[in-house]
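So that you can tell them apart, the chains are marked A, B, C and D in the order they are listed, and the count of residues begins at 1 in each.
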């Protein structure tokens, strides 16, 4: 496995450059957030500054229902990105999930994924990350423990990305035993969360995850970054294959709605193409507890902690204003706000 | 409060320039007037010149059901704009609402908002304007009286613009007590009308206004000028926040329809993106008594009285022709004209 | 009235140039023919050359259900246009309607509208044309007789164009008594047909026409030439007025369908934006007996008889092929062909 | 008949050049595959490399449910194209249908359509091709036998292309007796398949074919190559006629669905604008046993066997990945995969 690592490192680096520099969205498929609208309330009878957005994740309080979602970076970028994100998360009181720890675990301690990260973000939920393929076998439990330990994480994301793996050369093609592996982690009492990477978790998949004991789920739906297109940019070989999946996936808005129906008690995270605080509010209205963002934060993350803080400050202010002009005093009220179809 | 005035003055000036020079419409959201069409009547059996459009507002007769809607101008523009609009209103027999009197009231008599205005438009309904924040406290009644007095107004608009305030730096963020303040004005026997500024009044808001004693309501719906975008042009700080609301609001056509259901006896004004006399006719068909225009008249208003007269002459002729080719002898008949969905 | 004639002559000339040279279509409104499709029949079991398209109009047989629709030309163009169209109609066995005879009647014999025309087209239905305003008064019957006489016509179109008149400076603004005037013509036993000019006759108007005794009706629906736009090109004064009606009218497909419901026994002509033989087939399928074309033939009409023949030969061949690939042996079978919504 | 051959040869050559070099798609009409989507399954619990795509056609096993569809080439291209396609079909274990054998039969042995072809593709289904007009008369049976014999075919396609024939100068215009001719071939025990060429077979036509004894049907629906447009490029004479049929035909997705309803036991082939393995999967999900491609393979076919192999290798891998991310272990499972409307 470790002989694959240089390749993986290069791939992860490519990802960052492609996501930042190329058009990697879907063609016509969208998150479908644009299909619903809130009804403007011109008489809010609220004070904007008293709207309360506080939430919780893996037992820790956060000041707004926002998660900085998992992004791997490769050797050139990862350390800086992780530092900027961790510092911003701590400053604003947001949850922070790091990218895949696979290389780091295989080669020990690289990419800024050490306990130093926890020191930068001591008070917020910090979440590790492994791929489905890594936890299929019995050794999965041990690996997951090491991943959590490595950064003193509050939780661990297992990402399910079968299409991304199928498209990329050398990706994992055998996905038998993944559900059993997840169940094993849950039984071992580990704080597991499961996510896709941008094609969405279906109602049926959410159902099976809940059955396996998973309590925290991130739908990571379609409409934002299309990983098939990202892979398509990386070399002629896969272009036609990747192109066929340009419209693949479950739109984020639909995924959240369905997931909530299937998992009424789970902590539900909505990510996948969420652009701003109005869309974050729609995600919460549709059933999400927490809203995650990855690609949209990448530009700031590469640059500085301050840019990341600025980015999320605006997102949170927008979410607050959305509460305001729907007449919602907080997240619970927002979940009751009236919605209309935007036809 | 008065130390804010220079800022406010600059802001108002910016508004005029931005509305005239930039694209400040919505992206996909429309007034939804394009979704309905009248059925052409090739056999009107009418004389076009005998179609009667006369109406009433605040007890005064007008020759056509048209209101020149509230626009503030800032020091450079306001006086000229107000003069041109007042003279045109008088000439054509239309209702005229001036922009916010806040600065004028705070600094006494500026911006051409004096009894001179009333002298220019002695015979038509003249309507003052204050923001919701100004009338929240008990002093609201006194302020409203002074606003009316200042121009010998027939009525006073209170504008509800929570989103605009939330987006602009230094805007009013505490909207508690607004409804009570409005109720106080009504109880005091003042001729109050309530309006939005382009995001619309919802059915529920209209309902609460009627409950508070408001008899004249302008939905000022979405689909025309988007104030979030206008504010977005005014400086980097708010751009992302403003951009998130590019599709916010209640489409004017829908707002009118819903408002009429909720307020069968109110005097209902339709404004917000109404472009021409065919759309004015649709607004009337959907339930409006009077149709208001602001942004579309601004270009003419800045230039001369004659241009304003020309603009509204065409609007009224178009409205009349619409009555003609729907076989409607006047506004009452127009309200019975058949509509179809334009799919 | 006759002092208006030079103006009218200029106007008609302008029309030709504008229709040939400018974009005078609707913006989004269409004929709605594109909303339905025939179901392809890959097993027609027919001989294409034995498909029979013969029809009748005003008692005369025609070889295909096609009418060359009324077009006025003004002094420069009219004579040539009328000659080319008459010769082509005779050659192909099609019906031919000339443009408005108003100027010719007022000034006696101009614009090639004489019995010479009948000599060019002795065996096909030849149809005269007058406007609604001309037949409002009691003298209408006499005028109509003279119009028919002037070219030995088989029938006479009365065109209802209230919107066109309302938009054009100096147009007829008093439309009272039109229906009575039409009834008077019918009672006098004249072979009357009634048409719009491109905004369509509604179900209700068709109903009133049938009640007045009209047996031949041309819906002349919307989706082709927009006369408001044509007038809009003719001078600044009317531009805003004209622009407001860019989407006005009853789509031709809908107009035919509704007219047939209202007038099951009338001879129904479909015109208004019909582009080719497939659309002609759709019009017939929706209830038309005859299909009319004006604007689409104008380019050829200005040039030569041969071009007109070529144009209609292709239209008729396309109509025949449409019968073929829907498995229809003729017009009666075509009226039973299956349709689907094209969504 | 044989005096037409040089013309036909030129026409076929033109076809290749036009299909490769011009835009010959439909304007708005599509295959309608984009209207449905699979639901992403992030937990496939499968091994991608164990997904089995094997199928059968005319009694022979193929490794994937793919047919290289009939294409005629004319003298310049045909031999090379046929060789490349035959070699690729053999290499990948796919079915291969050659283009029309009409010229070859009339002039004996031209265009690479000899038993040499069978030698290049000894183990896969090889299918001959004749037009409907060739088998209308009693001699049809003999001609069909010779066509099969000529290449030792496993089956014979009869193509129904009435619209293509009607549009092209000199095309067959008498289609009486075609169904009887097909029935005669079936009764004679010949392995007959019937197809369109890109306008689709309707439910009603499929029904009649099944009644005539046909067991293998290729819908060859609309949304890919539009033959009316191809013919339209070939000379001024037909342009207007061809243009009228730019939106003609039965969308492939709809055609498959309807055909399967009508012919539950037939071997159903889906072709017509299928672009990639995801669309192939949708066709199978909608009822197809086998998926055919013609135009999309033409570029590779003109060049080399290797390019054809590359093309289909990617198509098949994409189909396999689609099975994978819908959690389908093979074609039977894929036929049960959940579909959603993509609105």
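One rule holds for everything that comes next: a residue touches a chain if its C-beta (ideal position, glycine included) is under 8 Å from a C-beta of that chain, and two chains touch if they have at least 3 such contacts.
Quick caveat: nothing in here was measured; it's all calculated off a predicted structure.
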| remark: For the C-alpha superposition of subunit A onto subunit D, the rotation angle in degrees, rounded to the nearest 5, equals 90
| request: Compute the centre of every chain as the mean of its C-alpha atoms, then state which one is farthest from the centre of subunit B. | output: D
| field | Averaged-CA centre spacing for the pair subunit C and subunit B, given as whole angstrom | value | 44
| query | How many angstrom lie between the CA centroids of subunit A and subunit C, rounded to a whole number? | reply | 63
| said: Building nodes from the protein chains and edges from chain pairs that touch, which of line, ring, star, complete or other describes the result? | reply: ring
| said: Can you give me every chain pair that touches, using the contact definition above? | reply: A-B, A-D, B-C, C-D
| request: Spell out the residues on subunit D that touch subunit A in their complex, using ranges where they run on. | output: 34, 37-49, 275-279, 314, 317-318, 321-322, 324-325, 342
| Touching residues on subunit A, where the partner in the complex is subunit D | 28-29, 160-163, 166-167, 173-179, 196, 199-202, 204-205, 208-209, 222, 240-241, 243-245, 247-250
